[in-house]
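Read from first to last, the chains carry the letters A, B, C and D; within each, the first residue is number 1.
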């Protein structure tokens, strides 16, 4: 499965990818397009990426998590293109023997992804549009 | 939807229950039956509950999360009966405007649930069985 | 000297779960206790051997009356539903 | 006096994204730079007005060469693919 896709994301499928009989905990995170940002109405988000490098950096997020939490499994996918309110932009699932590391690894993955993966986001407002950068974590 | 059920849990359905156009983040947690515990093989878990009180205490977990993180939504369900390795025993979903509180509220919910909801677990081993209590958080 | 007045008693219903249920072979039992008995009186009344051994089997207990947690010292009333809550295993 | 030796140049391909892509109307452009030019030389070469204004538009940039992040000081080589990375918006 590619790390970046234009297709709608299926969180249940991504969660199934990390199943293991040795794991007692699965934590997932989904980023969802909100109808507002800083008080301003949002009708859609347009995501674009640097395709070759985004794949590479998503792989680095995965490898980093596997190195820090050796017993876990992780799946992560980011969607690009035009997403409407309520659609999922990124989905991450982490399975691990115990719950503490599942939460920590999943949180680490989304924080790292936002800081390192070359993906950009344009907010579409009712009367305009603006590129929005993530705030540093 | 009842908080405690004998039916298999559907994480995707539980996640959909917390959808909101105002939310940018959904964090879910699933507890899964592992094939071992403390090095001992496990073939199944048998969960039982104090039905009237378990419903009440699950509701208190939900209310506690809503009081601490007022903008969020939460859904939580625990399964009881005999569960095989790989089956989901508990599923929690939290939706919130931003990711930090989604992770924190979901983690708080499972920690509180394990400490307060009257549900018990019998580990079925290849050659016996034992009631297992949660360790204090 | 008059005969002593019979000590008043209350009747409660005890709910049993997990290892306690298996040990007694039932999940519900009626129990007569002296008036004013605390929640913690239920365990020694039903499990005298385990209570006197002091091992605390099956682990530290919690108590509930009317589907809500109470402290061990809470006095019981006639008709109460009392639950002995062995160590929890949910999650 | 002999004519000065022409200063050697390198040719790189610059990838542009988001606000930078929209501003130039293209997502890819060839650029000639003096040999030894650092990655940070790309922005003023393509966006001279913005670079001289010192506003740092469109926010702090990162740089990548060959699909990997590099520091602003990294010298470029002939044939490199260089990317200007405006503030990220993934997640």
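Please note the rule applied: a contact is a pair of C-beta atoms (placed from the backbone, for glycine too) under 8 Å apart; a residue touches a chain by one contact, two chains touch by 3 or more.
Because the structure is predicted, anything quoted here is derived from the model rather than measured.
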Inset, instruction - Work out which chains are contact partners of both chain B and chain C. - result: none
Legend entry - Centroid comparison with chain A (C-alpha atoms), farthest chain: C
Inset, instruction - Could you put a whole-Å number on the gap between the CA centroids of chain C and chain D? - result: 77
Legend entry - Inter-centroid spacing, chain D versus chain B (mean Cα positions, whole Å): 51
Legend entry - Centre-to-centre distance between chain B and chain A (centres being mean Cα positions), rounded to whole Å: 23
Legend entry - Residues within chain D bordering two or more other chains: 91
Legend entry - Multi-chain contact residues (two or more partners), chain B: 31, 99, 110
Inset, instruction - Can you identify all of the chain pairs that touch? - result: A-B, A-D, B-C
Legend entry - Touch list for chain C against partner chain B, complex: 15, 17-19, 21, 58-59, 64, 67-69, 83, 85-91
Legend entry - Contact footprint of chain A on chain B as seen in their complex: 11-12, 15, 19, 21-36, 85-86, 95, 97, 99, 102-103, 106-107, 110
Legend entry - chain B - residues contacting chain C, complex: 31, 47-50, 52-54, 56, 78, 89-90, 110, 113-122, 131-134
